[in-house]
């Protein structure tokens, strides 16, 4: 049995595209309670108070909403070199990317569905300005006590026309382990949750209709308690944000969740996982059947129709 | 720069020695809400509802309380072989240990302070009997709704006469990373928190008086929320258990904690870490000074005198 | 302006009828965490750990599920006499009822929809047996740390063919104040929430179809936190109980709720109100319009169809 | 047996005196999350988002910190007249007080220890300006999602040289019921908790040294969960506020508490009571003995020395 690949340390940041950059920025700062930590070109960089790097969200003005790219930090420079070499050996085109805000040289590639990933190792640790310095030195930044108080980036979720192929690609080349998946009665894989860490997932893929490549389903930030997620629902209600689903508990992965749309149209999730961690290095993938999936969420809720149809950029009509 | 060692997957179980085995068992089952999953010789095996292996707590009748051993699961068979070889190469005596309940061949050794560690890879996944089968298939066992409802083992904490030496030993031979430590004005290291995972610590060491080797400070189980820790305080109060310190929030590591004595005399902690994880593969160790340490816990609480003096087995008088 | 009537102190207990008395009893004891405090005839008496009287739930074997009666404790003997006199003066038949378990002489009458109410003043305070004595003397009974850990009775909810008439009857004769109500565009009143205390409601009435008198919608018990309600959802899930709606937050009254069916078929709600109290003695009734009501619950959830159709005893078909 | 007096509806507001009016105002707005609703002379009026009247806190510049007065709303105009008449009949001087901000004619008097109380009935309901209008119409004001998010005034706590006399005075003239009290072995009453509502206390008195009249111990605001109290502790920590005691759970009244000093020197408490209510109209006062009191708070915490010595205005030295 080959040894597990442990080269990816964690998801570092995601780039969200927004056609309403000003409104999106206000939402992430005022409502989500994030902090702006830089600007570059058409992008603003944002962070939760516990993100150790300079930022975890890159917000970029664009004609359409969606995912710009997702960036993964490797465990070491050697690990970075190994992953790039492995991708190239498998025929994947990998392009070096310099001048990134807040981190060193990156290597970008497209996964089989067309989503852009970046790998990097060198990074800048966040240095809080005096007014944002925390009382406890083991914390990156002062707890803001504003809006939703997003703690850190948790994961993101995309669609893929070929979920199974995507899962196999990410396992083979990045070493992501699949913790849970959904397989329909006809054998089609329609969902896969994968992790590089002890979190039960860092990225997930759902099924896209034929030809609808590169869609983002949502980006997720972590909160410290289920009560904080409930408070967030009230904050969204007062802010006039569109709550789509939740708060409720997923059956798959058991995450306590709340989905909202940011002004640019992208779905954003707030989540709390309790003390759940995947500690087993050889975790046995949980496979949910079509019938099990049909039962809805943990306590019986059925997601709204929009949860299946609203992605960014939008699916073609019909 | 050498690559980080990632051979240890996680802390698997701890063995607690108790001079009152019946009372200790009742405490862990009735008050802590754990489940008995086996017996062997003078030992009873117990588990939280989310521990994926057969057990996380081995309770062994003994003349004195304390830690029997702590067992770490490696990431692969190869990783196990590598660690054993590295320990032996460094002159540490390592003994193969067969016939362990619930896992395959182990390798035992003593750390510089005399605490016994075991490394193993092969393990038995818990198979819940029908009456304990969970409603959701991604969960090891039914949530008990009894007592404190301990979720899983979290970490353990020992004393060492030479904390710095201990930290260096565990880093060199097991690859444990030090996330936080305390250094007194005279340069003495009096505390070190180390991790093999994305948890901020899996084991910690405090300073023992000269000659007082092999002491256990406490064993910790994880709960799902700070509210659950508060509920546990009420449950302990009603059960007549001795609450020693908390609930409160540690400054170091920011864990929300509650300490209690189990009937055998060992200190047990319940903890919730919120969404805190150490994701950085190159986490910069936080060093707390003597003055910072003197400020007490996060919100100002000072631990009771017993927190410094009560360990198992007890320290010599004077 | 006449002075407000303050003669009713609080809702004392409700009698639930169940065609499955053994299963219902097991549900309330094992899953809800209530304590049996007595038996009389076909009835078992149950209590939450914070109910100060002997019981708050009377469970009576019957061919059909539903509400047996609801009992209100008055503020004084004089208040009891006043209410009985007022009811009789208004032509309501009031029957003295002796031999009640756990309280003194009661006076029973039917409201305009046929629901039976009882008024009483003398009552027995619960005396916990030694094994159920609490650690803190200002608490009626030990916190059980079992199942859902129901704290106390909160309120009940019935249907009435004429909601407006019901509200006026309860205001005139019991002095219940209406805190919130729903009025449809055609002027029909389809919901009314009324209180005798600082709780925002002790009883509520929804609209019944013509001729469908005496229906119970649900009985509600209070928990100490929203987190406890979420934990209850997991406990119900593991126990195989039918979760109907929630957890979610009501728009009306803002209660955090969870609805489940007990084995006899009656709907039971768990609720937490946060720190919400109605302190104003002249609270201005909130009236929700048809359009406002159609928006669903606080964070957007729409109740299941069964929430409108499932009552006990069942409505006639068609 | 005479009927209970139910003339007092609830505590309406408290006036805090502060020698640092600007810093105090910033603390209550920025850290406590309260809203300024008016100014008059040297006073600023503040409110929690759920206070239904215009304000619950009057902050008045003064040379020394302390309590200006506490105001109680009666249940009706008739109730107001009755209480004033009863006080005067007992020889208490009562002065009509016009021109109060936000409420109608008040009647002020001093209790036996010299604390000023005011009774009033007519009041102004808060009308939120457009930017503070809540999403749900049964709420006074938008949830701020800022700082501690204080919900409403809960109670206040003073010292009295003669606690027993104070309790008897408030019971006789205002109808306040004593829910819990402390009596020392020598018969001295050193604490009394009294209520006009279903809350377990609206005001409490502790023992003052001889001659030290008119001291304030603290003013308390209610939060919606224990988790919110814990979040508040972090917010105070980051804001540099002085946390004095807690978070912990009182043995007496079982309130979950957190004490902090506002910049003017007054102690402020945040509290959550869970679902605890005093529903019994004839609640049997709980009396705690000297030994019971010595055991500390519910889970064993001992209050800091300052909790006994720090009051406003300060006690004379020695």
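Read from first to last, the chains carry the letters A, B, C and D; within each, the first residue is number 1.
Note that a residue touches a chain if its C-beta (ideal position, glycine included) is under 8 Å from a C-beta of that chain, and two chains touch if they have at least 3 such contacts.
None of these values were measured; they are calculated from a predicted model.
For chain pairs C-D and B-C, the one joined by more C-beta pairs in contact is C-D.
Subunit A and subunit D touch with mostly matching residues; of the residue numbers seen at this interface, over half occur in both copies. In this assembly, the C-alpha centroid of subunit B lies 44 Å from the C-alpha centroid of subunit D.
The distance from the centre of subunit B to the centre of subunit C, with each centre set as the mean of the Cα atoms, comes to 46 Å. A straight line joining the Cα centres of subunit C and subunit D is 31 Å long.
Residue positions of subunit A touching 2 or more other chains, listed in rising order: 136, 225-227, 234, 237, 298.
Those residues of subunit A whose C-beta lies close enough to touch subunit D in the complex are 31, 33, 134-136, 142-143, 145-148, 225, 227-228, 231, 234-235, 237-240.
Remark: subunit C residues 1, 3-4, 6, 9-10, 50, 52, 73-79, 125, 136-139, 151-152, 154, 180, 197-199, 222-227, 251-254, 272-277, 279-281, 283-284, 286, 288, 292, 298 touch subunit D in the complex. Against subunit B, the residues of subunit D that register as touching in their complex are 225-227, 230, 233-234, 236-237, 243-244, 246-249, 256, 298-301.
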